[in-house]
Every structure is written in C-alpha cells, then in structure tokens.
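Submitted below is the structure of interest, expressed as structure tokens.
A, B, C and D are the chain letters, set down in written order, and residue numbers restart from 1 in every chain.
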Amino acid sequence: MKKNNSLLHETMSGLKKWARVNSPWVLHFNSGSCNGCDIEILATLTPRFDIERLGIKLQASPRQADILLCTGPVTRQARERLLRIYEQMPEPKYVVAIGSCALSGGVFQGCYNVMDGVANVIPVDAYIPGCPPRPEAIIDGLVKLLGSLSSPAPKTQPQISAIEKVFA
Amino acid sequence: MATKREPERFTISIGPQHPALKEPGSFQFTVDGEIVTKAYVRLGYAHRGIEKAAEQRNWIQDLYLLERVCGICSHIHATAYCLAVEQLAHVEAPARAQAIRVLVAELERIHSHFLWIGVSAHEAGFETLFMYSWRDRETVMDLLEGLTGNRVNYSANILGGVKCDINNEQTTAILDGISFLEERARHYFDVLTNDAMFLQRTRGIATMSRTQAEVMGAIGPTARASNVARDVRVESPYAAYKQYPVKMALDTRGDLEARFVVRVNELFESFRIIREILATLPETELAARFPRRVPAGEVVMRVEAPRGELYYFIKSNGSDKPERLKVRTPTICNMTSVIKLAVGHQLADVPMILAGIDPCFSCNDRTVQLKDAGNQASTMLMWEELRLHGIQYYQGLNK
Amino acid sequence: MNGILAFVALLVFPGGLFLLAGGLAYEWVDRKLLALLQNRVGPRWFQPLADTIKLLAKEEIIPDKANKLLFIGLPFIALAGGLTAALYVPMAGIKPAYGFPGDLIVTLYLLSLLTLCMGLAGTNTLDRFSMIGATRTLTQVFSYEAPFLLALLVPAVTAGSWQIGTIATYAQSHWLILVQPVGFVVALIGLMGKLEMPPFDAPEAHTEISAGALTEYSGRGLAFFQLAKAVELIVGLTLVAAIYLGGVSNPLWFLAKTLALLLALAGIQSLLTRLRIDQTVGLWWRYGTILVLLQWLVLILLKRM
Amino acid sequence: MNSEEILTLASGIVQSWDWATEISRPNPKQLDVKVNVLQELVPIVVGLRVKRLGYLSAIVCLDGGPETNDMEVLYHFCPGDAIIALRVHVPRDGGTLPSLCEVVPGAEVFERELREMFGIEITGLHTPDRLYLPDDWPAGVYPMRKDFDPKMLSPRP
C-alpha cells in the first residue's frame, strides 16, 4: 500500500515537473533598459523564432506567469515595481536577467539612479548576457533554465563581488 | 494593485508594467465608463541619468553610452553625437563615411517603422499583421547585422567617421533585401488603408489639427501626419543628406490612419535614398583623425530620428570630457500631445493613441545621472586596494 | 445497469474525461492553425495538457478583498456548465446521452454559465483590470447572446422541435446551411463571441487591460476556466455542425465537420483586428440581430406558403 | 525664408520696444539673445511664436558650479535650419523663472526637468510633480548640479 502511494507520488511529481518544463509562461518587465533587449524578446515571439513551439507564452498578468524576464539595470523608481511584480507571481517562479544591464548595470553601472543589475533586487536564476542578446541567445538561455528544472539546484544569491573577497 | 474608487470614477494605470508598453512609463487615466476623462503621465522608470554620466566619461566612452540611450534608434543617437563633436573639433568626416552614416540611418528607419507597424497592430489586437511585419523586419535586421556586426546597437560610428565599409556582396544583399521589403511595404500600405476592421480603429481616431500640432510642438511623423512640414533632413540637411535630398511625406488628415500612411510613405523614400547612395557611394577614406581633447565651445545638433527631431546640445570646456550634454528625444515632445489627445477617447483606443506617436520611454528618461554612487566608489576602492597590495608586495620583495 | 450507464455518461463519455481530452485537443488544433496562418510553427500537440497540469500544480493566490467561496467556486461552476451541456449534444457523432423537449434552450444557457462566471469572478476580485474586463464580458454577453440564440432557434422551428437530438436527425437529411446561410454565419460568429476569440477578445485584451476578468486568477482557478473554455469550444462546434452542417451521424463526419468549422474560425481570427467593445455591441445589434430577424421573416413566410 | 531672413526677422523682434536684450551671432546659422530682464522672457517668446519662428526645441540649463552662484538657461528655438537661443542667467540659490506653459504647452516637461534636476523654481507651472526622479528622492538634492555627490543619497537598499 505504502509502495503504491510512493509510486503514485513519484508519478505525480514527475508529471508536475514535465508540465512545468513544457509550459513556461513568461512575463516581461523592463526596469529601465534601452529597449534593445525588449525588442529582441518580442522578436522571439515572431515567425522566425516562434517560442510558442516550446510552449513559451508571453503573459500579461504576473499572477499567471512562471518566469520573469527582466531587462535593464533597475532604476530606483522601477525597483519597487519589480519587487511587487516578483511578489505577485505565484510559486514556483523563476527570474531571468536579460542583457548586460540586467546582469551588472552594463554601460550604466555607477549611474546614481540605477541599482546595477536585477540580482541586487531579487534573486535571479539565469543570466543571459549580450547587448542585447540575440533572440537565439534568449531562447537558449530559457531552454537551459528549463533543463535545470529537472535537477533543481538550490537558489543562491550570485557572487558578484567574488574578486572583493580575494583581496579582503 | 489598490483600487481607487471615487464616486462614478475609476482610475486605470497603464504601466510601468503593462502589456501594451514594452517599456516602462506610467500613465494614469481616469475613466468614466469606457471614456477617458483625465490623463496624467509619470516618467522616470527608465531614468538612468545618462546626461550626468556623460559628463563623467570621456568623449569616446560617451559615444557608446549615448548609443544606449535607445536600442531602437541607437545609430541616430550616435550619429548626432558624432556630428556635434566633429563640429566642435572642426573635423570633417570623409564623404564615404557620411554616406554610410545616412545609409545605416535609413536602414534603421526601415527597421523602426516596420517594428512600429507591428507594435501598433499588436496594440489593436491584429496579431497576424504583427507577426508578418516582424517576420519581414528580420530581413532588414540581417542587412544591418551583415553591415555592422550587430542586430541592435550597431556601433557603426566612430568619432571622425565610421568603422564599417560596404563591399559588393553587401551592396547586392542590401539591394535584394530592400526590393523584397518594398514589395512588402506596398502590401502593408494596402492593408493599413483598406482593411475595414483596422480602419475602424484608426480612421478619425486621435485627430490632431495642424494648429494643434504646431502649438503642442509635435514633431516627426506625428507632426507630418497633421501637415506640419517639419523634417530636419529637409530643413537643415546633415551628414550626406545634402547630396541625397529627401522628399517629405505629408498628410493632411492628422488621425491615426494618417500617421500610418506617413510612416509607410517614409519607408518608400528610405528605399529610394538607399538605392541612390549605393549607386553613387563616394570612394574616400572611412574616418578622419580625431583629437583626444575637443576645443571649448557650444554646439546644437539636430537630426531626424525615426520618431522625429532628435536634439543634442554639447558644451565643451576644452578637456577630454564634455562639460554639459543635453539630449532631447522626439518622444518627449510628442508626449504632450498624446496626453491631451487621449482625453475624450475610449479606453480601448488609448494603447493605439500611445502607440501612434511611437513612444520610446528609454529615450525620454535618459536625462540625468550621476556617476557612481555605491558601486563606482567600491570599484575605485578595489583599484586602490589592488594598487596598495601591489606596492606592498614589491616593497616586501625589496626588503 | 442504468446507474452505471449514467456514471459512464457523466465521467467518461460523452461527459468527463472524453470531453476534457477532446476540448484540449481542439484547443491545440485552434492554436496550431492560428500559428500556421501566421507563418509560425505553433505549439506541440500536448501543449494545452501541459499548460493545464502546470496550472493545477501551481500556487493559488486568493486576493484579500475577494470572497473566497466565490473565488474558488466560480471556476467549478463554469466547468460544470460546459460538461453538463455536452450531455445534450450529439458528441462525437453518437446520439445525445440525454434529451428532453426544449433541451436546446437549456444547453444554450448552460454554455452561457462560463461567461457569467467569468464576469462574476472579475467583479469579485476587485482589481482594476478585472473590473473593466468583467464589465466588458457582461456587456458582450448582452450583445451576442440574443442573435446567437435566435440563430440556433431558426433550425429548431424548421425542424419543428426544440430538442437537439430531433433537430440533428432532421438536419441529417437537410443541409440547413444551404437554406439558412445567414443563420449559420451568425451562429458561427456568435460562437466566437462566446469564446472571446479575436476579434471579440476585448474582454481580455492583453494590450489594454492585462488578462481582463481573470487577471487575478492563478493556478487551479485559471486552469478550470481554461478547461471550461476548451470544453465549450468543442460543444459549441458540435452544436453548430449538428444543426447547420447536415448533422453529425458518425464520428468521421463529426471530426470532418467540426474541424472544418475550426479552420474557418482560425481563418477569421487571423484576419481581423480586435473590435472595441462599443463596436462589438454595434455590430451585433445593428447587423447580427437584424440579419437573423430577416432570416426568421423568410422562414415564417416560407412556412406560411 | 532662408536662415538669414529668419534671423534678421528674429533680431528685429527681440529688439523691438526697449527690451534690454543683447544679440550676437556666434555662427551664420545661430542667433544668441541675452535676456537681461526676466520679465521680458515671456513676451519675447510670444513674439517669436506669433511670427511662427520655430518651436521650442529644448530648454538647456548650464550650471556654472558652486563657485559662481550662477546658472545659465538656454531656450532653443529652431526655425528651418537656423537656431535662436535665448539665454537667461539665474542665481543658483533661489533662482526662479517664469513658466512658458501658457505660450508653449510643450515647455512643461522641460520646466519640470529644470525644477527637479537643477532646483530652479518655476512660477506658474501647472503640474509641479516629479517627472523623472524616483518618488523617494530626497528633497533639495539636484542631480544635474555640478556639486552633486551621490553620497547625498541614502545608500541603496
């Protein structure tokens, strides 16, 4: 009886994982980027790239999204919105930082009104570098994130200042 | 998402995260039923402080910084900056470089207008047109990539000229590409002016008379759709536009449909200019030598971005950094008009009205910024530490 | 024996499992056709299933201000409405599981439950976008419901019965689309309105009001609403095919006819721009209703003669 | 009209009555008008508008730095390929400017920007709210001034 239960449990959790990997709905938030990344994200929807074939759908409401695609260096004004949107998303949720700005602030690093990257505000699960990344790169990043869902690693804050530790 | 309820009134916020806007910007519309009675705009979600940052970076770094004011019209920002700084430094870019600048600018205009057709169709709920126009847009993206090496943020400009040349293969590719696009543009012109359902959403919507456009200071295609003859390429030709004169596309109706018509007509004009440039590309050097320091002075440079007049003001104090750099992007001028136009329209028309001026919030918000607060300070410290570490290390060795 | 049959009818066929699977399959066909018409590859065959399972396994957030009972209950009612309606239509070409004189009206109202539930769900969540979405949903109900109903009643009067089974049998020997093309067109377009497909998707216009009435729904609630919509798609298609397209006497005919209708729907969806809500209402009352009434007039005159 | 005629017309306008303006021509396409009396700014702009001499391209503020206690505000009008620049000096501390909103509705965004970036008070502004800076920005800190120091801001959360 117990064995049956665990078998059922395994099947169910396998099914859940399968569904999660095959139906990621994404929400796009621009936290002050130059639009370059945003038009490339939009381009992934269009016939040449068509991410719907991977089951990825752009959603409008944070409540219905699984993955937050975040572009831009996160301006002070956008920070609170970003947090709120992140909180509004139901679990399980993932964050993908797209473009150099979202990774580290990029060319805007050090400007007084930016937070230098998404990771300084919310935990990020995948980084897609590029200024802007090509649509292929964005799709590749998303696919890699989905691949990692099958063997989830614990969420950790990225070590941006690793070099600082070396000299500490 | 608090609901603000006043008796009989209802405030809807659009943005900063809103599906209609791929960019942040916050609009508040007070609606009575479905009719908008009040509109308010709050920018600043994309305000990064580029103008301040530009004062802290040197002339060459600024080129790459300013290119990232806006990802859609990056080349025109860099062109305006280069032309302005060249004027300050009394350096003239060679003729071939000027022609290539214009060529890339026109390709960028094609990419931007195709993008805009798609985005507006998307706002109107016409997904098929969005998909088709973006599919065709990939053609011009390929051309730009072949020419400059990047799909967006091309970095074709350097101070004193350009860094990418055109060979025969590229010429053929561009000619092929634009004849395909021209055919497609004709098709879209047909759809945009004949599709009865689409016209319901554009004809007679957000009409702006000529006087209104002038008073509110509308510019670019938005103004030209209201019959205001305002195009920097014609009024004050820069780069190679003297050799390749532009015919202005005008329309008298001033509604959303007219804005579509003007933009598509501009596409045809761009195709013509590109063909002309490719046929008569001057054979000169690609770049002139450029000094590290720029003589003191002030310059105003105006260029025609896909969205309208782009204005740069640069003041130099003779050092290797600008003393003051002001960017005024086209959207900020058109924003005033859009806010006034929205009042009295249906909520359903608002995304279309907003899209009608082809807004670009990253353009708008760039204005100020300072250099580094926390982060840059810490970077510098790290450098300092590194330096000290090195000194101590070698002192230790010497002992 | 009867009891077992009833159970089978409710849980396996034509209700329950079969309907859910069929609904999801038809949803996939719809999305795939639309993608192909837009020059894309489109989703894989199991996409709607994966979406549904994922949503079921997801956290459900209930907004503070919403009535919990309604928030959880409404999706169930919507789905139940769709599933019940299926019992009265000749699903998969098999005779309806149940039937009584006048079940046509009952079915139509069961199908409306989904829209009503969505409207209620929108007003229940007190979000700005849901409120506007709910208002639009309910406004739209009042515009297409009457013409849709009238369009389906024309064949009923022609066949002389208000029972779907009888009409379907009558239709097998009479292709009503030939004599009542207007009624057919209105019924088909009315079905699009019911399913909030483009161009009637103003209630969930992504670019204006986020996800409309369902903006606050995540997880299970959303999954049930989507299932309900998928079920309604297949039931609605069956109904129109059975009544107007010469009946669905066997599974093969059923597939061929409903898929042909779906192709038509996808074509219309890809061709048209979203209508504003006032334009939707105007379209239905100014053209839809008048045309159907003309159809009625013709019918009555013919019957008299 | 070519740029020469435009600029002649414009210099006629800005020197009519007995306005205390000084004009200069830094280059053939540009006319610099130094407006010495603040009250004359709006009438001059009205004069330019009546003759349809361009529209307000931008308002630029140049901060002279803390040593000078002087800021220069430039109003650029661009008719055709000519540029008319109205130059106004205001003190850094407590400087005020009249609003152009009544004459040029598009000036509002630039004036709001002057207000929050440089701390120049604008009289007669319809909506003096923040335009670019975040809601939690400290009052009295003007990022575009030369003496702005990021340390004036609260540390990033």
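Methods note: a contact is a pair of C-beta atoms (placed from the backbone, for glycine too) under 8 Å apart; a residue touches a chain by one contact, two chains touch by 3 or more.
Just so it is clear, the model here is predicted, and its values are computed rather than measured.
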Could you compare the number of C-beta pairs in contact for A-D with that for A-C and name the larger? A-C
CA centroid of chain A to CA centroid of chain D, Å: 43
So how far apart, in whole Å, are chain A and chain C when each is placed at the average of its C-alpha atoms? 35
Can you check how far apart chain A and chain B are, centre to centre, with Cα atoms defining each centre and the answer in Å? 27
At what distance in angstrom does the C-alpha mean of chain D lie from that of chain B? 24
Residues of chain D touching at least two other chains: 133-134, 143, 148, 150, 153, 156
Where chain A touches two or more other chains, by residue: 46-47, 60, 75, 77, 112-113
Mark out which residues of chain B touch at least two other chains, giving numbers and ranges. 19, 44, 47, 49, 52, 131-132, 135, 365, 368-373
Pairwise, the chains that touch are A-B, A-C, A-D, B-C, B-D
Residue ranges of chain A in contact with chain D within the complex: 75-77, 79, 112-113, 115, 120
Which residues, counting only chain C, touch chain A once they are in their complex? 31, 35, 38-44, 46-47, 49-54, 57-61, 129, 206, 210-211, 214-219, 222
Within their complex, chain A touches chain C through residues 15-16, 18-20, 22-23, 25, 46-47, 50, 52-53, 55, 57, 59-61, 63-64, 66, 88, 90-92
Which residues of chain D touch chain A in the complex? 133-137, 143, 148, 150, 153, 156-157
Please output the residues of chain C touching chain B within their complex, sorted ascending. 37-40, 126-129, 131-132, 198-199, 201-202, 205-210, 270-279
